[in-house]
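Below, chain A partners chain B and then partners chain C, in two separate complexes.
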Partner chain A sequence: MSETATRLSAFAGLTLPAVRNRLSVTVAPDAIRYSLRGSPAAAAALGAVFGPVPSTTACRATSAGDRAALWLGPDEWYLLAPDGDAAALAASLSAAIDEPHALVDISHRNVGLILKGPRAADVLNGACPLDLSETAFPVGMSTRTLYAKAEIILWRTGLDTFRVEFWRSFAGYIVGLIAENAREHAV
Partner chain B sequence: MSRFRTEAGGRVKRDKVLSFTFDGVAYQGLTGDTLASALLANGVHLVGRSFKYHRPRGIVTAGPEDQNALITLRRDAARETPNLRATQVELYQGLEAESQNRWPSLKFDVNAINGLASSLFVSGFYYKTFMWPRSFWKNVYEPRIRAAAGLGKAPAKADPDRYTSRYVHCDVLVIGAGPAGLTAALAAKEAGATVILADEGAEFGGSLLGDAVTTIEGKSTDAWMSDVVMNLAMSDKVRMLARTTAFGYFADNFVALVERVTDHLAAPSDALPRERLWQVRAKQVILATGALERPLVFPENDRPGIMMAEAGRSFLNRYGVKVGLRAVVFTATDSAYRAAIDLKQAGVDIQLIADLRARPPADVVDEALACGLTVRAASTLCGTQGGLRVSAAEVGEVNGDLTIGRKEVVDCDVVLMSGGWTPNINLHSQSRGRLIYNETTQNFLPGAPGYDNVSIGACKGTYDLSATMNEGYAAGEAAARASGRKGGMKKGFSSLGGLAMGGGHLGVVPHDRDPGRVKAFVDFQHDVTAKDIKLATREGFQSIEHVKRFTTTGMATDQGKTSNMNALAIAAKAIGKAIPEVGLTTFRLPYTPTTFGNFAGTARGDLFDPIRKTPMHDWAAAQGAPFENVALWKRAWYFPKAGEDMHAAVNRECKTVRTTVGMFDASTLGKIEVVGPDAAEFMNRMYVNPWTKLEIGRCRYGIMCRDDGFVYDDGVVGRMAADRFHVTTTTGGAPRVMNLMEDYLQTEFTDLKVFLTSTTEQWAVIAVQGPKAREVLAPLVEGIDIGKDAMPHMSVREGRICGVPTRLFRISFTGELGFEVNVPADYGQGVLDAIWREVREAGGCAYGTEAMHVLRAEKGYIIVGQDTDGTLTPDEAGVGWAVGKAKADFLGKRGLMRPDLTGPSRKQLIGLLTVDPKRVPDEGAQLVASAAPAKGSHALGHVTSAYWSENLGRSIAMAQLENGRARLGETVYITSLTGAAFPAVVADPIFYDKAGARIDV
Partner chain C sequence: MLLVTCPYCGPRPEIEFRQAGEAHIARPAITCSDDEWADFLYMRDNHKGYMRERWRHVAGCGRFFNVVRHTVTDKFVASYKVGEEKPAIPAEAAAGPRVEIVR
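Showing the complex of A and B:
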């Protein structure tokens, strides 16, 4: 029997930008990621065992400990949990839900970056058209949006901290664009 | 210091001298100068040549509206920017500028001969003259006209500068930072609003900059302005953008601003973009864009040295530059008197003030007289003299009947003119606001706005300084309140000495010259004269939009900022209509010319579009594979060994797959997880195939149609569970298939409990194809029996490979025994490494998309989008067997029953075998009935795929052919780009292993 295959990050070989005291960009650790689709009742049933109860308020994330549920649509949530056996966790979660639903493992489909610092919002606004002021996009808000031509999920986890999740093949484009948009903030 | 530079005053820094060159001549200027003010300080007025007659042109204004002072700025070979306005270019150390549209030199331009022949070059000349012979237009006339006309030259090298963009939201966007804009921003800030204040100048203050006489709240304008600017700058709610032009006003207060970040710097930081595009969404917009001074239209009004009166004053007060030593002032407004007084006090001889008006306001005249100036009312200029610079003005008395009485030639080196003020309504008009013509002031003023905006100050016709500031403060407070802030404050401003801006004249002034011959310019850049506009009306053009296009007036780079009103008045008079009946042309973006870089932003090079790479991309690159673009993906094309060209590599790869085994990165295929109790029924409705009876663990080749019955996408679908399907799609079709499914689910099939998730990127996919495929995988797979009977063709199993989870498909796009290994994407490379070791041991190879295409064509497998083009039904594409005819309904079922899809002479996909086996047809080549069909014959079809097949030792092709399946064995002819059509025999499209024996082993 052959040796176990190792993981290779989508960010391998990419240089993450940074602007001293203004912006840091780090790769979010490997995680279990699920797409949950179903009714709010299904989401509530999942919440009872998952931890955070998925929000029914649009564009709001709920989190408990190191697990989170991001509202993406009236029947769609994006779930995050620490890395582990995604199939086993999915089976246990699904077992708790009587309603029709889909809980699909997308742990490897998506990757995440964490942008932190006083210029994080400005760098995001280099290619994201949303109003990222604290009043319009408060901590705990999440949404599917665009970073130039790439679809991203944007989640504000702190006043100056954003988590950006996207499909892995866009890693080069998004890292390159963040770097380009961050460059002027060095001045 | 030059005799044109004043001893003191202005906002230039006299201790900071800068060197620059213009047309190779070295000059000196001061920090704070524009290129225009620095040239004038050196006595240089001549800066360019006009578009058509190549007449010498001088600096006319001190602002962005200048039509003449267009220059090319050069930093290095790649950084050459044409058509910049010298009045906006800030001087920096070492600046290199060149004049445009002249040859061989600015002072001697051979094309100026056009001016002598100007009676030939009338309006519409190009339309009328260069008609015959027809072929000459493309090859002779147009290239020559284009070479002689035009302004600066576009740079030949790629732009090395960077351009960025920023989206930003605010409560109140204030455009223009003169007295109106500053007070508006102040009020909005005090009311608690978030404010953006943008001004195209380097400094905030607008008309107040360098105003030495006016006081506001008892302070000098300088002191008042710096207090207000400081107050605003200290607030974290106010973003102040200097050197920033609002150039486009879009729906719902979406306003585009361009900030020129580095153009004014001698040695800008690499980190800074040259320009920054601000895309602003504002709840409220305040337009404080001021007014522009109009030229007077008099004979020979275009000589260098003839300029706007307020520009002369601005150059003096702001930049400490005397625009000349002896001036004639020609005016129809009060404001020019202030210019005359200021210039006289600076030591300029003001020969006289010729006022077109019979009775200028007494207080204005008295003040001038008190300063020792000569004023002549009811006076006009009948012409000017001079070559490259005005040397004299012909002043004439205007009689009551508008004839000219006594005339006098007055020496001068500068003429300051003022035809009145035109409110700058460009952005209001862009925002779809209405315009109202004011008979009294002879101006178009902003009417009802198109969006939530308001015009204040001079751009709405308010010229009194205190009134302007009061209006500004009130507008700022109201805008803040309308955007949800508290507001409620009130403030009144007092000022003394603001500019009187009354009076004005539209159209040609009275003169005694032959109106059919004299050149009285309306549009200086495009050489449009009053007589051109009259000619247009004689030619029958009644609408100003037509007059504009016939004469090109207002089509210069300034979009008619200074010329429109005069042109309109001349046209209206000639047609005999009132000005509002003739109408005003529509203002369009950009407000001033804007760089391409600004629009391109970061979307260039590798960031132009996302470049999507598979998890095994770097491995393929390391193997030396070139890549093919498929949608946004990069796919490995072929894997050349040393010394191999593409054909050799592809031939080897194709042979290897059929004899041993090949490995292929299929990760880009679209994947959709269809889950839910009604998943099978959903599949029944979306695909033409039946799905209910598909067993768990088995696969089926699915065809999807649009509702018109034409093939839309295809792919293998595996049933993972009763309520779960693993659907694959084409690489390029993945997003649209997902969207179509979601669309139907949300709008048509709301009765179904089904949920969709894209899993395209969850799985890395490694195809292993060939007789040795099983032996390659066997040592790596755990928990799955991949034997012939345990795992037949078209089945799927879940288990592990190389210790990680896999969905293992036994499917084939080559016609050989084949598997597709799906593993979580991050494991793709690791699993590929293990498979690659086994493949090499088995004597196999890696293959790319080209070999994949050849191998599938040998088997007659279609590629949707290549062999189909949105006009073939499943039957016509040769996959009619997939249609579940017993199903009650499916997407496209009714479309397929349309009579025109069941009638004769529809095209069908067939194979082609060229009579000359070595000849590979061109993909896309037409099929015709004979080697030399008569002209006008219709094509019978076209080649969709064509390859050299090394396995068959001959070429193979697939084609769409009318009644193709009924023509098997017939000969058709394939057109060629390089010679005569050549014959091919119509064949079954399965060229290799027709029985399919190789797949089921």
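Showing the complex of A and C:
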């Protein structure tokens, strides 16, 4: 019996929907994901080492290179970094913060999808109640919200590009609903 | 769709929120009587009209905050962070008759 655990994709066996020229759905590459809870001062101290300084403006993401920090609450941020040694990075980040904080590795709890195309906002709005117009939800905005009954983190990375992060056990539910909502844009 | 204003995130759809009961219920001292403790735990006002309520932006920033809401018309007139000064409650005449509950 093998002693190493095999990482299985949460999307194995699922068909990702696509509408030609209008919508493409791709799985975000494996990433390090942290949940950071602490004061804005703790977040600023982390930012000095991490790269992007977590925003203190509500519902805004900051990114630098391939790392990003998404505002989720006044004392809560969602950190994204390329896949690697999550424990080592967490230790180096925690060492930079003097204040009380919680930095929890949730790399394997969450998965991400990238929706791209002129119909991406419409397909998301099929089950997400937010106003996703360019003025109400500009590029760089991020928030926790709902996709039907599933909690998601929505981040607009480009005018027609959204990154959606959610618990891996919701993958089938969310992919199925995205496919259903994309059907009306296929005609 | 009803929009609820979160003091952190701004106006957001009601489906992201949960109501969490009457606001400003202060925990009594540990030396209080059983009656006072029961009152703190279980007894709540439930009148028709404007009430100060706790709400939670559960599918958003996750924070608790307070609102002034009319329990009949569902009109939200103010939302404020925990610890902030309480905003004034609008005149009852604008909201219709009020029924006082006598315990």
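What we mean here is this: the second predicted complex is superposed on the first by the 184 of 187 C-alpha atoms of A that agree within 3 Å, B and C clash if a C-alpha of one lies under 4 Å from a C-alpha of the other, contacts with A are read in each partner's own complex, and residues count from 1 in each chain.
Note that in this section a residue touches a chain if its C-beta (ideal position, glycine included) is under 8 Å from a C-beta of that chain, and two chains touch if they have at least 3 such contacts.
What you see is a predicted model, and the numbers here were worked out from it, not measured in a lab.
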| item | value |
| --- | --- |
| Touching partner for A:13 - first (chain B), second (chain C), both, neither | first |
| Partner chain in contact with A:146 - chain B first, chain C second, else both or neither | second |
| Which superposed partner A:181 touches (first chain B, second chain C, both, neither) | first |
| Which of chain B and chain C A:59 touches, first, second, both or neither | second |
| Touched chain A residues, chain B compared with chain C | B |
| Partner chain in contact with A:109 - chain B first, chain C second, else both or neither | first |
| Partner chain in contact with A:74 - chain B first, chain C second, else both or neither | second |
| Contacts on chain A seen with chain B and repeated with chain C across the two complexes | 129-130 |
| Chain A residues within the chain C interface of the complex | 58-59, 72-74, 76, 129-130, 143-146, 151 |
| Interfacial residue positions of chain A with respect to chain B in the complex | 1-10, 12-13, 30, 35, 37-38, 75, 87, 100-102, 104-110, 122, 125-131, 133, 136, 148-150, 167-170, 172-173, 176-177, 180-181, 183-184, 186-187 |
| Residues of chain B defined as touching chain A within the complex | 162, 164-169, 194, 261, 269, 271-273, 276, 279, 281, 602-603, 606-607, 609-615, 618, 633, 673, 675-677, 753, 755-763, 779-780, 782, 801-805, 823-831, 833-834 |
| Interface residues, chain C side, partner chain A - complex | 1, 8-10, 12-13, 15-16, 59-63 |
